[in-house]
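Below, chain A partners chain B and then partners chain C, in two separate complexes.
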Partner chain A sequence: MTSAAVAVSPMLARLADEGATGVLVRDHGVLYLADGQVVHAESPAAPGIDVLLTAGGRIARTGWDEAVQRAGARREVGRFLVESGQLADGELEICHLGALHDAAYFTLAPTGGPTRFRYGVAHWLGRVRPVAAAEVAREARRRRALLDAVWPYPEIDSAPVLPAVLPGSPVAAPRQRALLALADGARTPAVIARLLGRPAFHTLLDVRRMAAAGLVETPSEPAAQPTARLPGWVAAFPDDPDIALLRRLRDALEANL
Partner chain B sequence: MTNTETALKEAVAIEGAVGAALVDYTSGMALGTIGGGKDFDLNVAAAGNTDVVRAKVRTMEHLGLKDEIEDILITLGGQYHLIRLLKNRSGAGLFLYLALQKDRANLAMARHQLKRIEDSLEV
Partner chain C sequence: MPGIDACLVQAMEVPGALGASIVDWTSGLALGSAGDSPGGDVESTAAETAELARMAAEYRSFTADPPGAVELPEGGQEGGQARKSPAVEDLIVTTPGTYHLMRFVETGFDSSVFLHLWLDRDAGNLALARLRMADLADRMVLG
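Right, the complex of A and B next:
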């Protein structure tokens, strides 16, 4: 574990201890907290729960859009999906937990960037099954260690997937064959994950396993396309937005006095 | 219709059960655990048994068996470990893992109950 990975934990642990509600923003994603527990996570590197549910045809895109339209404003999209009979309770939980840990893995990645927290923000999906912050951090560390144990070449994660043809290499598993079928030499694991409607981490793990088995090339140089980052306008909100607002208010009032 | 917490509570209520976990076998992550303890870390068991399931799935492919695994039984001196693979519509590979105290468990009944929990979970 690197120092950056350790560094994120104290802030998350502190927010969990104080029972904070809001959104934690880092370079590669966000974690939503409610009463100190993680209720959702999103990352540009990981397919969202909407992609996981609709890409495989589990629910229709129109059904998802309707849920967001009708229940988004009151932040109960998850509950709407269950109550409208589109998803079973357990199914929603499992899919949501998959999406949460997937995005959290990228959000908690070691990075030089800042960690910020905006109090009071809630996600429109609503509460599905909150996870203890310590559990989310531990799972992210376990995933990082697992990838390194399988094939310790992190540069492969963000490079285009290149199938290798070596004599005597084993046959890929059916899950992996679906992945290889989409490897056109330009698509990265993140792009393929989105097309398949699978979590990005699962795709990274499959790619590293295949690289270890000689089914996929391991790039010799660090990737040209680093892991997707949050757009600057999302990540760079002011530390204390209220102060900026109060200053503007003060200036406006003074101008009118 | 059951959520994962209820399913795990029902699993650990099976006669002789000492712990249960719902596991995503691609990533090795326990989506939920119940029971276990200091001497029996269910998160470690979840990750380790993922390799058991993957190995068996691969072996069946190599053998050309066009069939599905319903469950896997591992018999220890003092325990049974039952792994029940869940058929689900979302395509994510999941299994229910149940550890039973051998002298208190009825294996046939436990397998039957685990199947019933799978049906009620509707994943």
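Right, the complex of A and C next:
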């Protein structure tokens, strides 16, 4: 295990070394490990893989619900989506890795809160494309540095997105225009990400790029709303969570946004 | 319907292939890679090729509709449907000894991904590589 992972979370590095299986719970999200590798991540600050796949209509909500219903208990929802012909392997992996690194970025954010680990817990999505824990930690660090290199004003991440009206501003790129069109003065980047079905980090990065280009206002005051946290009871779930519990967890995550 | 690893294996079977990767051009993350990369640093190569791809995907000179094209509604309505087809298909960079071929991958959900193939100039055939990468990018996402 490299020192890069140690810097973010010593516990993650240790769990990777011992080849642990279970879920790592921190203030801003959870990481699922299987045999020491990261197999999934979830955060209330990041749209889940279900949102990424259904928001733009790639998979109908009913198709998603059916997959969870039929394959959730045996924890093979990802496999089911491919085998039932709803997704190609490549699509599932691209979307899954997008969701995994997105949620991991928030989960591994520097925080004074506790880090807990529950052994033996597996995610209902199943194994899609595991990523080495050190790689996940390194990517989260790189993302933090990238945001600061683009526009070093973290307060913009959790504030409502306000399009700027400056004469002579450059024209926003197509994907940025989709983001701006949803900026109504109240929606934060996290809310817009969910509506677009786009990873939250990608939305943060585009907001910072647009702020640097003068297309979005940079708030002068610190953020009113800190990054969404997991409800406290999440860390206390039983050793064998059932689907109903996972559903409640998802609902709680969404309500908490 | 190859997954990421199978796709990379097939990309490395293109004559003259030195290295292949799948990169997210918004974040600069390599989702997977095979073979060599310039300078031996996959992470830097991903970040740098992503910047180039992002410029191509974002600048109006490359994304504007051709003259006479029907105006398509772009992303930006409530619900924010992303435009499904990337305006740019691929990017080619030539160096004295190699080619870089970057092929955008079109997905049915909101994403920003491309395939990068690094090719030896003597052993490779750019036209053939371009066809193979276009085919791979299509098959990766065909449900």
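As a working rule, the second predicted complex is superposed on the first by the 226 of 257 C-alpha atoms of A that agree within 3 Å, B and C clash if a C-alpha of one lies under 4 Å from a C-alpha of the other, contacts with A are read in each partner's own complex, and residues count from 1 in each chain.
In the analysis below, contacts are C-beta pairs under 8 Å (C-beta built on N, C-alpha and C of every residue); 3 or more make two chains touch, one makes a residue touch a chain.
Here the structure is a predicted model, which is why all the values come from computation and not from measurement.
On the shared subunit chain A, the superposed partners chain B and chain C overlap sterically.
In the superposed model, A:Ala181 makes contact with chain C only, not with chain B. Of the two partner chains, neither chain B nor chain C is touched by A:Val68.
Which of chain B and chain C touches more residues of chain A is settled by the count: it is C.
Of the two partner chains, both chain B and chain C are touched by A:Gly56. With both structures placed on the common chain, the touch criterion links A:Ala88 to chain B and to chain C.
After overlaying the two complexes on the shared chain, residue contacts for A:Ala173 are found with chain B and with chain C alike.
When the two complexes are overlaid on their common chain A, residue A:Leu195 makes contact with chain C while staying clear of chain B.
By the document's definition of touching, neither partner reaches A:Leu162: not chain B, not chain C.
By the touch criterion stated above, A:Ala122 is placed in contact with neither chain B nor chain C. Residues 52-53, 56, 58, 88-91, 93-95, 97-98, 101, 129, 139, 142-143, 146, 171, 173-175, 197-199, 201-202, 205-206 of chain A are contacted both by chain B in one complex and by chain C in the other.
Of all the residues in chain B, the ones that touch chain A in their complex are 1-5, 7, 22, 24, 26-29, 31, 43, 47, 57-58, 61, 88-94, 121-123.
Partner chain B is touched in their complex by these residues of chain A: 52-53, 56, 58, 88-91, 93-95, 97-98, 101, 129, 139, 142-143, 146, 171, 173-175, 197-199, 201-202, 205-206. The touching residues of chain C, when paired with chain A in their complex, are 1-4, 6-7, 22, 24, 26-29, 31, 43, 57-60, 63, 74-83, 87, 105, 107-113, 139-143.
Residues 52-53, 55-58, 82, 85-95, 97-98, 101, 129, 139, 142-143, 146, 171, 173-182, 192, 195-199, 201-202, 205-206 of chain A are the ones that touch chain C when the two sit in their complex.
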